[in-house]
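Shown next, in structure tokens, is the structure this report addresses.
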Amino acid sequence: MDGLFLQILNGLDKGGAYALIALGLTLVFGTLGVVNFAHGALFMLGAFCAVALQRIFATSYQAVSETKKDFLGNPLKEDVPYIQDWFGPDVAAFLMDWSVPMSILLAVPVMALIGVIMERGLIKHFYNRPHADQILVTFGLAIVVQEIIKHYFGANPIPQPAPDIVAGAANVGAWVGLGENVVYPWWRLVYFGFSAAVIFGVFAFLQFTNFGMVVRAGMQDREMVSMLGINIQRRFTIVFGLAAVVAGVAGAMYTPTLPPDYHIGMDFLVLSFVVVVVGGMGSLGGAVLAGFLLGVLQSFASMNEVKSILPGIDQIIVYLIAVIVLLTLPRGLLGRKGVMEE
Amino acid sequence: MGNTQSRNDLLLLAGIAGFTLLAPWLLAPIGAAYPDLLQKFCIFGIFAIGFNILFGLTGYLSFGHAVFIGVGSYVSVWCFKLLTMNIIPAVALSVLMAGLFAAAIGYVSLRRSGIYFSILTLAFAQMSYNLAYSVLTPITNGETGLQVRAIRTNAELSLRDGDVRVIDQALGIQEVGVPITNLFGMKMSGYPGFYFCAVLLIICFYLAQRLTRSNFGVMLKAIKSNQNRLNYTGIHTRPYLIAAFVISGMYAGLAGSLMAVTDPIAGAERMQWTASGEVVLMTILGGVGTLVGPVLGAGLIKFAEQKVSSWNEGILNSFFSFLPESLQHFVVDVVSLFVGEGWHLTLGLMFMVIVIFLPGGLMEGFRRIMARFQKKPDETVAPDGAQQAAE
Amino acid sequence: MSDQKQLTRRRLLKTSAAAATAATAAPYFFTRGALADSHAYRNAPTGDSVTFGFNVPQTGAYSEEGKDELRAYELAVEHINAGGGGMLDTFSSKALKGGVNGKKVKFVTGDTQTKSDAARASAKRMIENDGAIMITGGSSSGVAIAVQGLCQEAGVIFMAGLTHSNDTTGKDKRANGFRHFFNTEMTGAALGPVLKNAFGSDRRAYHLTADYTWGWSQEGSIKKYTEQLGWQTAAAVRTPLGAGDFSQYITPVLNSGADVLVLNHYGKDMVNSLTNAVQFGLRDKQVNGKDFAIVVPLYSRLMAQGAGENVKGIFGSTNWHWSLADEGSKAFVKSFGEKYGFPPSQAAHTTYCQAILYADACQRAGTFKPSEVGKSLEGFKFDGLGNGPTEYRADDHQCFKDVLVVKGKENPSSKFDVLEVVEVTPRAKVEYPASLLGGELGPYNNG
Amino acid sequence: MLATAEKTADDESREFQRGTPNSVLHIDDVHKSFSGLHALSDVDLEVLEGETHAIIGPNGAGKSTLLNVCVGRLKPDRGAVVFDGEVLTGKQPHEINQLGVARVFQTPEVFPDLTVLENIMVPALSKRDGHFRVNPFKDFEREASLRDEAVATAESVGLQAQLTAQASSMSRGDKRRLELAMGLIQHPRLLLLDEPTAGMARHDTNATIDLLKKIKEGGMTKVIIEHDMHVVFSLADRISVLAGGRIIAQGTPDEVKNDPKVKEAYLGEEQV
């Protein structure tokens, strides 16, 4: 029972991440009709916004230490962060500690800018090109972005600890009346809440604003939107920027769970496509539903009890679900007719 | 018109055959004339030609074609282990098994179209890859890959550690050290292996050419063009699609088998989604729907992977040594971002540049160049002529 | 990287790299007849230089390790050609006096991508096109075994880089292949007693194991040695390679009653699973009245940096660490550190050693012929390369030397100072009979 | 009311045929609704061998739905379509075509990536080799007999000058003619035409009428949906009027012309 409860939590946490990544992807599919293989790269760039902020905070000058020696036996040149000089050690320590949550403040404008530049500079020329071309050009872009990041940050994962206050695990068991072994990391709870808030925010934006109504109309029927005509280009740009921001903040906040490296976007790319397709192309609700479904099922499939009956099931569960869903529900869970079918 | 076309086809085939067979000399100036790379050009050429029969003709984008490469490789290595080091049974059985796998996967996946089809094929390939890497290790030898060993001396030894080769044993063929793949005694590594692959590439190219020109090929093109209409024209499109899927799966199986023939090892990573993606890139890069394009694309990507990745700073320095020292440093600094360990960056940029500026792939580029050259002497030449010649 | 360093590095490269463009313009097909000669062997060097092939991951998850390996190779080539410097000065064999067999060493490089196919293809390029006399490098066992098989078939020597699976010199061993790095068997033998001292003999271990050959090999060895000490194994769970988030495998640990978690993961999987495990509070947990413990049997410092603070206090083993105080290690760290500005990793160390050992063996054999070189490596006893007295065992071409048991450092003084050496397990305690792991070397192949 | 209309229609056709009445297509009590909206209800229709049967009606009357039910694109909720003794309902589109029912689409459904000649040859080929076959050595370019026939058909619709043009590059009017050629080359026993002249210039419309008249001499049965009354009255032997998903009148052109219900239906439409 305790184990099951924890796996449900795991599934929801994973599902939140999957849903968040798939959300932007399906938004771009649905409105712009573009298969964006660089979406994983946007997630990765978001994660590196967190890394960059940490680096910015840690920007230092070198002071020669009187007492310590470096690995070659020379006097150690210690790095003294500028923020330590400017704001004093307490504030500096606080900033370093909170760099991941604060990186959202950096990620939102940066990712919006990247999204707008990407759409204006590249994607908009591909609206009427075959999906294969869109895949190739965005895949090429993803590789280029990845290699640039690798050039500056190296290939190894870079640790991004969560703030101290949410380090460690919460005693969830005590809250719900289960055993004391039912603990769950604070940060994952934060991430779950965060993803729920972002998902809710995106839905509210689309539901209650004029802009959102046009976008939703566009996802219903792409031709109709182009008939509406007015400023559709600008709206597309904003939608793409929004998708980039959602992917970016998802990436930035994910860094304490998985130390980011340049390849993290590619690792999520296939999975996010599976989520989008299982949910139904161009269906936001579907993407969220599929994200949580796959997350929870993946967690269940990893349980020892399940694996002892079906060895290796955890390796293939996501794909197996995708096959089953697509064969029984031709358009995914909540997909509508006519989207991405030609 | 029919005659011109068949004459052009013959010329093209002769050109391809000539180029392939003379490749050891023609490619020497760019440093690509060594057996392994030449073999890879042929093998991935075959893979890409087969993939183009599905993707180029019907428009169905499979994201899991590498699974048939894997099937072909594993079947071949098991043939080497169980039956004989002669490659004939291995090649034949690999193509057959890949065809069966393709029939099964195609039968299910082709119930859907568009991106749903792509994801279904991707899912099957990823499941195969994940299982081959771990749970199916008794068959695939997992991460290490399946290799050929000396004949096992006692029955206690696990089969993976030592082989039986019943046919070779029955024929009394002696083995010294590591057994080597052969075609009736002719060694299949190095240049003989390349020529074997080259001949198969030419045959595969010829078959693809015939298929494209045949009634069947036109039906496939009609499916790509307007599948619905074809249904109302009295054609049940599913068998055609399954046939195209199986044929391209068999091409992939052959390619996988040739990998094992020239280098007897089979690994799971051949089935990963990136491997499936690679053939998509090859095809688009060269020119979807053209006959030569996919082969060109395959060659280009394999060349980048093998040669561009090997240009380290030392080589760059000696290459640019004619420049003044300071300029040399600068040039080497810039260029080294794109070659050696930065070769992925070059690959990514290449994809982008070609898709943005040459939507029809490299073949489109040739077509444009040809059109320009043909226009100058005689403005009245019909563009059709150029198109066919280029194809 | 500072500009200055790049320039020095370039100067070296300029003089030592083989110009691949110049190599073999005529197809090798027509030059093969030379092999009929009984003294000839594959890629016998004819001019005043000999070419080594460095096959390392330059792209993909292990490219930082690959980069470090390449740095070490360049350093080794520099030292070999100069006839001194670095660990060459402390090396017990004094055969090398500048160059090898009177020839300058040049090198070519290739990208393994940490994939068997790509690694074999680039090794083949170096052998077939660039005339490499030997191949060395790599950062995974699958790749090492694949390339070792290839070198056996092609008739060149393979000096394995980072490969920890038993199989490389066990059931997959080949006459042409040699390994300096240690293996899971030795890790188990060394780690077991240390774990017993630290945690007692009444423990229940829960294994999370990367679901492929190396993982199983590691799991088997740790189980074997800890169970000998009285530990129980609560469960051994296989996790997919590259699982990313490991939470679904970690939560069952909480309720399993286990008090030790063994993470048989390497590289990115290790970073992720360790980060997740610490996040779930496992390091601070109390079970059965004991402090919960996490063990990472194989450490890599480069990767451990990715796990950051999470490695603190966590036990593991490593082939070599830059903080060792013997003369060899100090000389190596000094020459490497001065050239590149940071200390070398264990990957750099083992590849440096392999290059030196190969060159030395060629010099002592007086030829580059694989069978002769192999024989001069077999049973070769040496010292001064950082691991104390070492022997290349003739039976399986495996180096036997002391094994380091390390622990994540509590108060690191710099970002490189991640691990501290807890114990140096003497060679005698980690040695095992060659027959234990099966396999057959077979005859040498000279191509 | 409906029954009487049907009866009269039957009587008329008997006179018209001057022989044994031979029903080719029998639509029996077909219902089809889309999410509660009745597109077709209680539709009964009889098409006789050799006749040209026009179906007219205001927009949204269910004409296209009816054709879609006939060719298998839509499945009726109730009722059946019988062609020459075979029940079509539930059959796949390609099976229906192979039985001899071809359709000319209103919005041209050609093969845009193929040439005009290929566009015409493909239906000819599928008529000839209905079964699936893979023969890489059966060269499409060398199908001389099909080719000649395709060229002839192209000529008959006036496309002889554009044989090698890509279908995607053609004007809409030319595409419609291509559509027609694709239907004609199959020599179907029943040809369903969905507004064959919509969007054509008057001149082309007349040419099409002439063409369809000529085919009539060959004895091909046709069902034609048309808005243009000029075309309807030039071609139709009998007319069914569809409004609101029901057949409200049926008979010879003259009868239908004078039917008050028809007038009402059309008047009603104009008012909307």
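Letters A, B, C and D mark the chains in the order given here, with residues in each chain numbered from 1 onward.
Rule of thumb we're sticking to: a contact is a pair of C-beta atoms (placed from the backbone, for glycine too) under 8 Å apart; a residue touches a chain by one contact, two chains touch by 3 or more.
Predicted model only: the values in this text are computed from it and were never measured.
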| item | value |
| --- | --- |
| From chain A, the most remote chain by mean C-alpha position | D |
| Chain nearest the overall Cα centroid | B |
| Chain B-chain D separation of Cα centroids, rounded to whole Å | 47 |
| Inter-chain centre distance, chain C versus chain D - centres from mean C-alpha coordinates, in Å | 76 |
| Length of the line joining the C-alpha centres of chain A and chain B, rounded to whole Å | 34 |
| Gap in Å, rounded to a whole number, between the CA centres of chain C and chain B | 33 |
| Chain A residues counted as touching two or more neighbouring chains | 312, 315 |
| Residues of chain C engaged with two or more neighbouring chains | 63, 211, 238, 240 |
| Contacts with 2+ other chains: residues of chain B | 130, 133-135, 344 |
| Touching pairs - complete list by chain label | A-B, A-C, B-C, B-D |
| Chain C-facing residues of chain A, complex | 2-3, 6-7, 9-11, 13-14, 17, 68, 70-72, 76, 150, 154-159, 161, 167-169, 179, 181-185, 187-188, 256-259, 261, 263, 267-268, 298-299, 302-304, 307, 312, 314-315 |
| Residue numbers on chain C that touch chain B, as the complex places them | 6-7, 9-10, 13-14, 16-21, 23-29, 32, 58-59, 63, 66-67, 107-111, 115-118, 120-122, 124-126, 128-130, 140-142, 145-146, 149-150, 152-153, 165, 167, 171-172, 211-214, 238, 240-241, 438-440, 442-443, 445 |
| Contact set on chain D toward chain B in their complex | 71, 73, 92-95, 97-98, 102-103, 105, 109-114, 118, 121-123, 125-127, 129-130, 132-143, 164, 182, 186 |
| Contact set on chain C toward chain A in their complex | 60-64, 211, 235, 237-240, 242, 244-245, 247-249, 251-252, 254-255, 268, 271-272, 275-276, 279-281, 284, 302-303, 305-310, 322-323, 333-334, 337-338, 342-343, 413-414, 416-417 |
| Of all residues in chain B, those that touch chain A in their complex | 55, 61, 108, 111-116, 119-120, 122-124, 126-127, 130-131, 133-135, 273, 277, 280-281, 284-285, 288, 337, 342, 344-345, 347-352, 355-356, 359 |
